[in-house]
Amino acid sequence: MAEHPDRNWSLWLGVAITLAIVLPAALSLAWTPYPPAAIDIKARLQGWSPAHPLGTDPFGRDVLSLLMAGARNSIGIALGAVALSVGIGVPLGALAAARGGWLDDLLMRGSDLLFAFPAVLTAIMLAAALGPSMGVAILAIGLFNLPVFARVTRSAAVRIWPRAFVQAARLSGKSRTRITLEHILPNILDQLLVQVTLQLALAILTEAGLGYLGLSVPPPAPTLGRMLADAQSFLAVSPRLAILPGLAIALAVLGLNLLGDGLRDRLDPRLGRQP
Amino acid sequence: MRSLLRIAAALLTIVLASVLVFLALNVLPGDPAAVMLGTEARPDTLAALRRQMGLDQPLPLRWWQWLTGLARGELGTSHTYGVPVAELVAARAVVSLPLALLALLIAVGLGIPAGLFAATRHRRTGDLATMAVALVGLSVPAFWIGILLVLLFAIGLRWLPAGGFPGWGAGIAPGIAALILPAIALGLPQAAVLARVTRTAIVEIMRLDFVRTARSFGLTRTEALRRHALPNALPPIVTVLGLQFSFLLAGAVIVENVFYLPGLGRLVVQSVGGRDLPTLACLVMLLVTAVVAVNLAVDLLLLRLDPRLRHRG
Amino acid sequence: MTGLLEVERLTVRRPGGPPLVREVSFQVARGERLGIVGASGSGKSLTALAIAGLLPDGLTAEGSVRLDGREILDLPEAELARLRGRRIAMVFQEPLTALDPARRIGRQVAEPLAIHGLGTSLERTARAAALLRAVGLPPERASPDSFPHELSGGQRQRVLIAAALAAGPDLLLADEPTTALDLVTQRQILDLLDELVAAKGLALLLVSHDEGVIARMCPHVLVMAGGRIVRAGPAAAPSTAGAVLPPQPPGRADPPALLTASGVSRRYRLPGGATRQAVDGVDLTITPGEAVGLVGSSGSGKSTLVRLLTGLERPDAGVVRLEGRDPAEPAVPRHPVQLVFQDPFDSLDPRWRVGRILAEPLHGLRLDPAERHRRVLAALAEVGLPAEAVGRHPHAFSGGQRQRIAIARALVAHPRLVVLDEPISALDRALQEQVLELLAALRTRHGLAYLLVSHDLDIVRRLCSRVLVMAEGRIVEEGPVGQVLLQPASAAARALLAARLAPPAPSPAPPVAPPKAWDYEP
Amino acid sequence: MKLARLLASALLVTALADAAVAKDTVTLGQALEPPHLDPTAGAAAAIDEIVYANVFEGLTRIAADGSVQPQLATSWEVAPDELAWTFHLKQGVTFHDGTSFDSADVKFSIERALAEDSVNAQKGLFEPIAAVETPDPATVVFRLKRPTGLLPWNLAWGDAVIVAPESAETNRTRPVGTGPFQFTEWRQGDRLVLSRREGADVALAQVTFRFIADPAAATAALMAEDVDGYLNFPAPEALPQFEADPRFAVVIGTTEGETLLAINNRREPLDDVRVRRAIGHAIDRQALIDGAMMGYGQPIGSHFSPSHPAYLDLTGQSAHDPELARRLLAEAGAGDLKLTIKLPPPSYARRSGEIIQAQLAEVGIQAELVPVEWAQWLEQVFANKDYDLTIVSHTEQLDIGIYARDDYYFNYHNRKFQALIARIEAEADEAERNTLYGQAQEMLAADAVNAFLFELPKQGVWNARLEGMWANAPIQATDLTGVRWAE
């Protein structure tokens, strides 16, 4: 029986809110009411209207299309960054747990070193060196999250290695790598999944910060972060321009956090022991 | 013995960081001299300035001079401002450090009680409501909160300045007044994080046997939580606090922008833009050292808090 | 005269769920001792917890619990808390996690006094010291300033008992107080409880799954099953000692050794820098088809020796040979030796289907899939499980069934030696019987050699012909089962024998068949 | 003596700081913070915007209407052969540190700018001077290599202010000049305070510059009255808000900032004039001004400021005509052109970039926007000429001469144009110079060297009760000498 059945509302609410942001973003790959970059100066700064349900921005672009494309780019960057940190962090953590000893210390010290660098600084230097682009944003955010996954993987894997079924696998002569792939990773998948959702949320927030400093994707590709940053000075003229992207960011982060909490409760280690 | 090992590891991290920093900074495209002389400068004047700044010497030599200078405490002069780097960075640290501490104070003052309150009402409305508020606090970008605070308190009610920093010379009160709004903007999201961590840690511990033992001695559920669960929940809370403080030091650059505070974060952005290498190098070393020091402090504090760790010395 | 504790139609359930404790009623008079025995899941622990008002989250209790005639079941938390520690005390099963890790034991023993405001702090510290001495923990054995993690399981249980009795309760509820301890310590704790309860005239409600423990401590017994009391009355007379297995006839003329260990030793570096000699210069040989027992109290190095013999760990010194080859070498085929673990819930990967679990030991052998599948089905049949179990996950099986699956896994690679590390101690009494019979049958059917590791001499007597007694990392005694277990020479063996309680119910030992090789070689 | 004076001024300052905000102090916001405070050793506009005419003074100065006025030199005359200029100096002038001002200081300042290791950003201004003679403390004579009618105008630049040998080296952090205001305090990243010298006849006793670049923060600072005004407000989009607020006066003026879409004239196919003219015709200047600058700013057809008498309106030659642009591109065989536009940080560049990208797309030119920082722009675009198009505003006054420099990043080498510029520099008569300026503008427009967009507007916003603030910006300066609070 689920440990607290009524707690699952956070899972479903999380799924609902996340989809409310992800679906339009995915849709924007194929279609948006207007091309996001279509500038029409005469139609600038209009309020909502049948033609433009969410109004237009200072260059006359359709805000709804911008939000959809912006969400797509922001989520794309977040996914890319988390994929990068999972792709490198998880194997590192697993290796540290499998080998232990001096390699374990070395890897963990290495991730501390990476952790010591403030993320913002890494992003700024990367953007300055390579010029702001989607790749740089992904690299900057991904590098910073890497130690988180290394640590989570290592501490989860270290608890699985002494389990009896792993000893049985070692007895059958399987190599450490094969045991990691067949026994260790599947059993820590749920904890990783929770981290993925939480780190996605954090990545979207960090992208918003980078956008504010002008280090995220260059124009004309919109991202939620830069839309929010550009709209700051228009706050008095039309607050809608700042509120909408801010709301989209908040909803995306809220949805992913709820999803993460819901997953953590649903994937409670019920499988191991009979209640 | 173990703590000696840890201190040595921390020092190693710092030296390694210095190599990484110097290499990274010198690989940045863009010539500091050009930045200073602007669009009209002639090639010969550029060369003169570059000689003046010592940029024409080979890289390893400059790294060695810089590192030994660092050890001796000479941090060189800023390329952009022409002021000794130590002075410049100190003036900024005097703003960023109190801001980070104030934000941390707000985070602890709001976050931990909220987490405690939610834990005591586990799975009842009090818990869900607090956690919902915490989630919202977590989801809103810090600079958005900043802007809203300015609109309300600075422009609307005129209680607090919209930004800037009068300097501690003008007295403690105006200094604090200038830091309140930015500290709230920075502190709220961190409070949300802290509330969630505190609640989860306490709820996990409340399930453990020794809490039930304590209740069997005659404590009510809430008394057992405060006397037994909270002390055991301190290690995870302290760990998160350590991470948050390191983030607040340099991660606050965006809030510093919104409130135009002369903090470390903005100096970082400025130095990268202006290719002010000595300042940037000193800044990064300061931030890395601070983070390593904070991690070390957290480790040593954890030793005291959790006796089980103490045996591992 | 009303009893001290009167429980009437007590029912415990998760709101809207089936009752876990159904209409339980009983009485305990002042100074009287009542035992409740039942298999795990029979609701015996929940009954005790309900009385103390310490049910886990989400469970509710109905019916009536009266203490000295006063209804306490529906008391608000604050009022009920005032009774706990002062009138009703409890001792729990897991001593390792029952004490606050961040607080010194002296303060934890004194805490009930502080909570109920008895005496000044000086008096409380003195009282705590006296209590610790009373439970056999004078300052020289365990200083009041030490932390729980510095004490052994047995010592921590003593601290718990001292704390429970600190505020002078009238009723002591003991929920499986000795289950997690090894036999020797178990005996000492029960003696301590017996003496203290008598001395302080306490009423005792003792809950356990082990009739032996109940029989020893309580005149009256309730037997619970499925949440109900199924039998009540005086404790059953201790059943007669089981028949002794006829000593194993010595094997054929000295066959070539299957497994040999000479001068094997292993040291561990403790976190504090000190080192512990887990195994110190052990020599042993096991011949094909032979069943050898390895006994010793916990901490004697049994498990470490098993890890060295099976090649899971490399010894610091000495040599291990399995059929002439070193099992720790990666290249050496591993299937000749298999391991069955103690905890059935821990020995199967929850994410894998049973079919894939059973096929894992065949990893090193180059067998085509059809042959693999045939072997898996054969192994399942041998342990009496349906073929369709192949497609299901471990959490769909009970503890006993999982242990059978673990045994099947050990068989599938046609091993010559199976090492059984405490194979049945985690199972209920009834299940232990079935698994023992299965193991005995498999040994005769396939001519397997067994190395049975256990702290329970009865099981060793029933399965093994020879036994090794281990203490502080060394083999202190070795010899045929009959001789070692009847006239033990070493002190360790004698302590183990003394700690043995009511011998298990008799059951006919299977006839001994000469070892027979598998119908074909792999 | 010097110590006493320093102590006195220090006391004065602390007294002032504590006193309630008496109506003789003002706090001005400024978008960019100067790297240092020596105008003779750096080109950043922010330096001049603080110290020009306030802290440092030159022999001559540019007034609010753009004309050249006497300052440290009361009068000057040129010899018949136009190779010798004699300047008569004001008497009784002292530097802030008490040292006296005389012809020796002028000789030192000019020779310092001309020196081999000089770091003066406008070294070219002094190039025609062969020698500086000081017959007596009150007179200076310049011997020229060639007639230079613009000498008084050149000496009015911020880079030509007069410094004393005793304080020259420390002017970067503690400026010492002859101006009415002296340096008091500078907290990098936050504020800079100047205070009135004893006996200086200026209304303000203390001026504080607060460095706030972020548009939203600048708006908030003004609305919360933390700051009394901005000479040039960084966010055009916030101006309507201030126009509607009686507390503030919004004064839109002109600057010397010609904003252009610079074209690399040496890079294929941009070396073909038809392609450059097509780019010019593709751009709708008014839509660009409305979109990027909220409607503030004047369209320009060549590299010249509309506020200057010699300005010619040549916008007609590159009017918005997408059809013509497509035809020109087809003629030049550049149907599907792919270009990059490098954008420096300022918001005028970043916003114009997005609009121009869309307008170029209309005529079939695919432009990719590449945002860069100043350091990268200076290295890639300015030094290495590694760019197709870039958007930048040249804010130096009367700087059409840059098209005559061979090393300049436009890669425009027109001997006829270079000869014309040389004649302008030599011409002493102003009317004649203006007609020559007209020919220069027409030549640039005809060659379509760049797509000339608009003149950066000066968006002045300050407290309505503040008088004497400049409307236009003929030179990069915040002249506070005439500023005071209305009674």
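Letters are used for the chains, namely A, B, C and D, taken in the order the chains are written, and counting of residues starts over at 1 for each.
Everything that follows uses one rule, which is that contacts are C-beta pairs under 8 Å (C-beta built on N, C-alpha and C of every residue); 3 or more make two chains touch, one makes a residue touch a chain.
Bear in mind that the values here come from a model prediction, so they are computed numbers and not experimental data.
> Within the chain touch network, how many edges lie on the shortest path between chain C and chain D?
When the steps are counted carefully, the minimum from chain C to chain D is 2.
> What shortest step count links chain A and chain B in the network of chain contacts?
Counted as steps through touching chains, the separation is 1.
> Using the touch rule stated at the top, which two chains are linked by the largest number of C-beta contacts?
Max contact pairs: B-D.
> Taking each chain's centre as the mean of its C-alpha atoms, which one ends up farthest from the centre of chain B?
It is C whose centre lies farthest from that of chain B.
> Suppose each chain is reduced to the average of its Cα coordinates; what separation in Å results between chain B and chain C?
Here chain B and chain C have centroids separated by 50 Å.
> Taking each chain's centre as its mean C-alpha position, how far apart are chain B and chain D in Å?
Taking the mean C-alpha position of each chain, the two centres sit 39 Å apart.
> Need the CA-centroid distance for the pair chain A / chain D, whole Å please.
So the centroids are 45 Å from each other.
> Would you pick out the residues of chain D that each touch at least 2 other chains?
As it turns out, chain D has residues touching two or more other chains at 214, 216, 345, 373, 375-376.
> Could you list which residues of chain B touch at least two other chains?
Residues 28-30, 123, 147, 151, 257-258, 272-273.
> Throw together a list of every chain pair that touches.
Inter-chain contacts occur between A-B, A-C, A-D, B-C, B-D.
> Under the touch definition given earlier, write down the residues of chain C that touch chain A in their complex.
Residue list for chain C touching chain A: 14, 17, 58, 310-312, 330, 333-335, 337-339, 341-343, 345-351, 357, 360-364, 393, 395, 398-399, 409, 413.
> If we count contacts the way the header does, which residues on chain D are in touch with chain A in the complex?
Its residues touching chain A are 214-216, 219, 235, 237-238, 240-241, 287-288, 290-291, 294, 345, 350-351, 353-355, 357-359, 369-373, 375-376.
> Within the complex, which stretch of chain B touches chain C?
1, 122-123, 208-210, 212-221, 223, 228, 231-232, 305-308, 311-313
> Which part of chain D faces chain B closely enough to touch in the complex?
So the residues of chain D touching chain B come out as 17, 35-36, 42-44, 116-124, 172-173, 187-191, 210-214, 216-217, 220-221, 223-224, 226, 345, 373-376, 378-380, 382-383, 394, 396, 407.
> Name, in rising order, each residue of chain C that touches chain B in their complex.
Contact set of chain C toward chain B: 52, 54, 57, 77-78, 81-86, 89-90, 92, 94, 97-103, 111-112, 115-116, 147, 149-150, 160, 163-164, 166-167, 271-273.
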